[in-house]
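Mind having a look at this structure? Questions to follow.
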């Protein structure tokens, strides 16, 4: 009991300490010993650990005798068998894409909360071109990209020309997109499953039946992993993420988009076309989400359902982007990580509900907000140690005298 | 004629949660904190108050004192929303975290928590929390004889009536007055525009921001309950994107109470007309098109965009929103 | 009672990597105006912020009337009667004047603001000190000078009697400066004590009783103003002699670089045009200065020339080419550089590093990119070169975030970037605003070197000293029109003032559009 | 088999198709059957939700259940057709009970039911027929049909409902158009604001009774019905009883999900854990004759006033003996001459 008290006291003291130290500007406090990259990775890892501990705590409350088993399943299911790992990769492909969509927009100063609409339109373009026009998979992915780009362009356009906040346009066009896709699907008999012999009127046809060439190839990996889930989608996503990294950090184009995101006036002053930059940022962001839709529905595993709820996948991009620090390379990791523990979460059934994983992810995201605190603490410690050293030296000198 | 009374009546019913939650968002953003967690806060407010309602229903107390129970449920939804919102305040005020991070975490957490909690309370797999019948105030309770047909205004105002409606109107009025007429409101707005200025005259920016977020939690919590009552039946761990719609309504309303009020009504009226279109005589039915209803369902969103295109040139968010307050920065 | 109202004894304040204040002692006598001076980054604002409770000192004590006090936040400073007009005004832009003034000390009943009472009190104070304001005007609609009055009234409303002015004159017109000096003298007569930060030595000479000089965070000395000269002060500040004379080699009239005809630009603040049918030309080897009181269309003129704003009518020829409809990039390519008025709004991407900002106008050139890919090492080398040449000081060299640099160094970075483009025409809008005399000297030298190389500078300045010393030719702007063309050596400050205030107009500049006073000031 | 002592095994497993087990529809009905049997027979039981709405995920989840010790797996819903097709050969020793469907491959080129699979199909059209017939006979003239999604079971209920109303109108010698029906699939199995608005507009513009057929979607209609003082017909179970005697329900078109699951499991265990010859590899079609469908007649669950239980029994007997045949086609809408049906999804 006393220990716990001590712990809290110590914690409170630390908190207060950091709280008081807010006079220091964080951007200024960059210590050579703790490069920003290093400490943000540390912070992310710490968040993950805290999130998992919290999850364990929750499992303990719900069912103490099974909590150990639960935690173990969360942690190892993803690599317990090849087919489980295949599932991780399968889920991470669209997740990385929507994460990239949100993260890319963040980097260029925009909040794309419309990834779900762009993803939906992308999915529709992919399925339409694949089923109705018989496109092969790569062409269907390009179609998905075009669809997403188109849907992303709209909020960009409204922002650039009418000064409408992209958040509101994105939200509105999420719904418009979904309803539009429903409408288009319903009026394209060929895209619906019952055209191909099924008895279901509210979902799209199976690609295996309608156009096998539109299924993303597996290159034998399905045999290797012994799972239908395995395909090359995740490699495409990783490749695109790397491209995005290069574009953002190594090209003049990325330089322009970021400049416009940080300071629109300055970018205009510097001769850049800010309207074009805003629209292009949204187009790219939308295209990424659209590809996500393509990558998911062209696996031949899922069918698009005519429903009245927004697809969750687009919104899932936000936590992926945030956990990955909006950095494309970070997003690869966070996308894979989130699907990894989600696969672990499914294995919690039937003892626990799989929603516990969502709670854990939420806690991890929340804890990553603490990264600043962790950074400050780390840097403070390092600085203090340095100072102590100096003091020591001085004392030593004085003693000599 | 009845159908028009219905349209207006339902518009009020569905505008109420939008107004509440958008006003909540406004309070928070006016203090400088972007609150995208509205959706999650609504879920929590609805969850806790619906659990309360179903508990007092089970105990029999509810049916004996229906409107006191609903009033308590409203208070509980406000309290739980406020507490939940404090997580956002802590992350974005004290920790100076990116405000979307806290918001996103809360949005993810809320429905998952709702499922886990309602299962823990109601048994595994039992997600729906049913709302007892007695929460509605019937026209009879207003003194309309049971066998008498309702007139236009009765249909419009009291046919489908919950205590949340007058509470919402009251809250709207209070918040509007507080924002513009009190020193609290002045300070709150100052913190969202120029926190350094507020700080330099002795206003506690942290305190004001906490207050703004707390208000948003309170309003969004009540909004969650109001939405669940309006939809009817039961709570199923979700508020179907209304939190985000409220965010949109807030932007649409340009962060100003009266405009938010108008925006919410405009949006709600089209949202209500959409499903009712087939029963409104003069509206086209698009019978040649499969799923013509979707054309109507798009309507509220399209109308919003059209209005925005014409009105947004001057739209202006609180200047300091989204930026963690740092005493030292100038 | 102690002779001093405020004593700051042995104050030390350290920021990561820098001792902003190092054992500084400052004593303020009752009823005196005490000037504080030092170069950019010397620690003046920091010291005042400590007194105002924005920072806490690491070491040292503060005494009020001889009693030690701890000032932890502005509220406590206010309670001790300390008020401050900040270097960058702290006003809520979309609030009314009245709301800004009462914020934090609102008279109220049950939480409801008693507006009428507040208004009455404000109008009384305003009348008493002759500080005219419109209580219901919105801050963003009023001039900078007016905003400063609001800041001053904020202090008076709180009945402060120790007033801190941090660089209050950097943004004012000469007339406004004179008014401010008068007001400050008035305050001392009432027994109020004033701490006054400025870079302008003549202002110190004019109003201050004593002054304290800081350099690199250290206390250099405190002097009775009557006993020191300008030159001595500037030497103490900068640590070397400052040369106030700019050397301009006499040049013959060169070819026309810029030819503006009937230029009209709309205003963003009011319905009338900000620039009305202006025609002039700028030639090789000359510095032309646009003089005038702030808000007479100078900013819009430059927006029009640089392409930030479309012309309503008229044409611009640059190097014998019509560029009226050219893009900003095209103008920049053909040799136009622009040091913008607002360095944070236009001049810098504050979240980019210094090196990224140094190539803001040139990142697309073959030198810095290949097939769309940025050549990072070349940018680094180039940045290091500019940093060295222009002595841009910052914490981490090329990779410092622009946001964390001091205003003076931010300005130097912009100047370096724009001049290093070897422009044929340099649009320089208030290039030395808020800079210390050392930096001013440096930038003036750079402008002159552009001119001496046979290029042209179009300078927009509000500072009479600069207007009288730097240019070859002066064009006076009044209500969006040119009202006079003068040569600095043939005119004097008084005459200039008459043209600037619209009291006089040279015959060749006829009034084209009937203008109202209201139109020019929104 | 269990790897860890902490791990428990669950012998009877139910996998939901997409929703949850409180969907007020086949997931819930089947789950109640599993529970009822397992608790009586003292067996361990559990249910699982697949990670997403795909055949692959359902196959995977079946695998998970088997890893957790499942010997019998109940698969409610036609969405399981392809999944069961795949797993029936993969896990020959595990018994499957497929409700509402029959296994086939993705392109329907092959249909086969292995001996470890028993399929049950219900004649929902008969149940719907009874409800439609009774409503019109009882004097209701303006009917509504609120479907969830247009999935086979829901469509059969709806089409039966239309046919029943038409038959009653003919029997009563009504004129064309005397009976009207609004017919709509909402697209959701849960309550939403637009369904609530739509129902309220139906009741306001004259609809007297709505047959709400689609899981939780009835929750959106129930409020509208009460506000308008109108009636509803429930589905699957006796909803008058299951909602705590809510008088808004005049009847329910029942389908014996729970009972048939209990029966199937009972016969399975009676046969030593494998399907007996009547069930192995077979499909049972449960209709009136088999006691699989009907309206509740006990006490106040019977909400009709002029239509009598005797009339109902006579009608029911005709369904049993085949005098009345209700068309179960789902791709073709039933032809009507007397009932004016407005299909609002068009």
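Labels for the chains are A, B, C and D, by order of writing; each one numbers its residues from 1.
In this section, a contact is a pair of C-beta atoms (placed from the backbone, for glycine too) under 8 Å apart; a residue touches a chain by one contact, two chains touch by 3 or more.
This is a predicted model, so every value here is computed, not measured.
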Selected pair, greater C-beta contact count between A-B and B-C: A-B
Geometric centre distance via CA averages, chain C-chain B, whole Å: 46
CA centroid of chain A to CA centroid of chain B, Å: 28
Averaged-CA centre spacing for the pair chain D and chain A, given as whole angstrom: 39
Where chain C and chain D are represented by their mean Cα positions, the distance between them in whole Å: 77
For chain D, residues that touch 2 or more chains besides their own: 47, 192, 194
Junction residues of chain A, two or more chains touched: 23-25, 182, 306, 308-309
Multi-partner residues of chain C (each touching 2 or more other chains): 55
Pairwise chain contacts under the document criterion: A-B, A-C, A-D, B-C, B-D
Residues on chain C engaged by chain B in the complex (per definition of touch): 52, 54-55, 73-75, 78, 84, 86-88, 90-95, 99-100, 102-106, 108, 111-113, 154
Residues of chain B defined as touching chain C within the complex: 178, 181-184, 186-187, 189-190, 193-194, 196-203, 316, 319, 327-328, 330
Residues on chain D engaged by chain A in the complex (per definition of touch): 4, 6-8, 10, 13, 46-49, 51-57, 60-61, 64, 68, 78, 106-108, 149-152, 186-188, 192, 194, 330-331
Contact set on chain A toward chain D in their complex: 65-66, 68-69, 72, 83, 87, 91, 182, 194, 196-202, 206, 208-209, 228-229, 301-303, 305-309, 342-343, 346-347, 349-351, 354
Complex contacts: residues of chain C adjacent to chain A: 15-17, 55-56, 306, 308, 327-329, 332, 338, 340, 345-352, 356, 360-361, 363-364, 368-369, 372-374, 376, 395-396, 401, 403-404
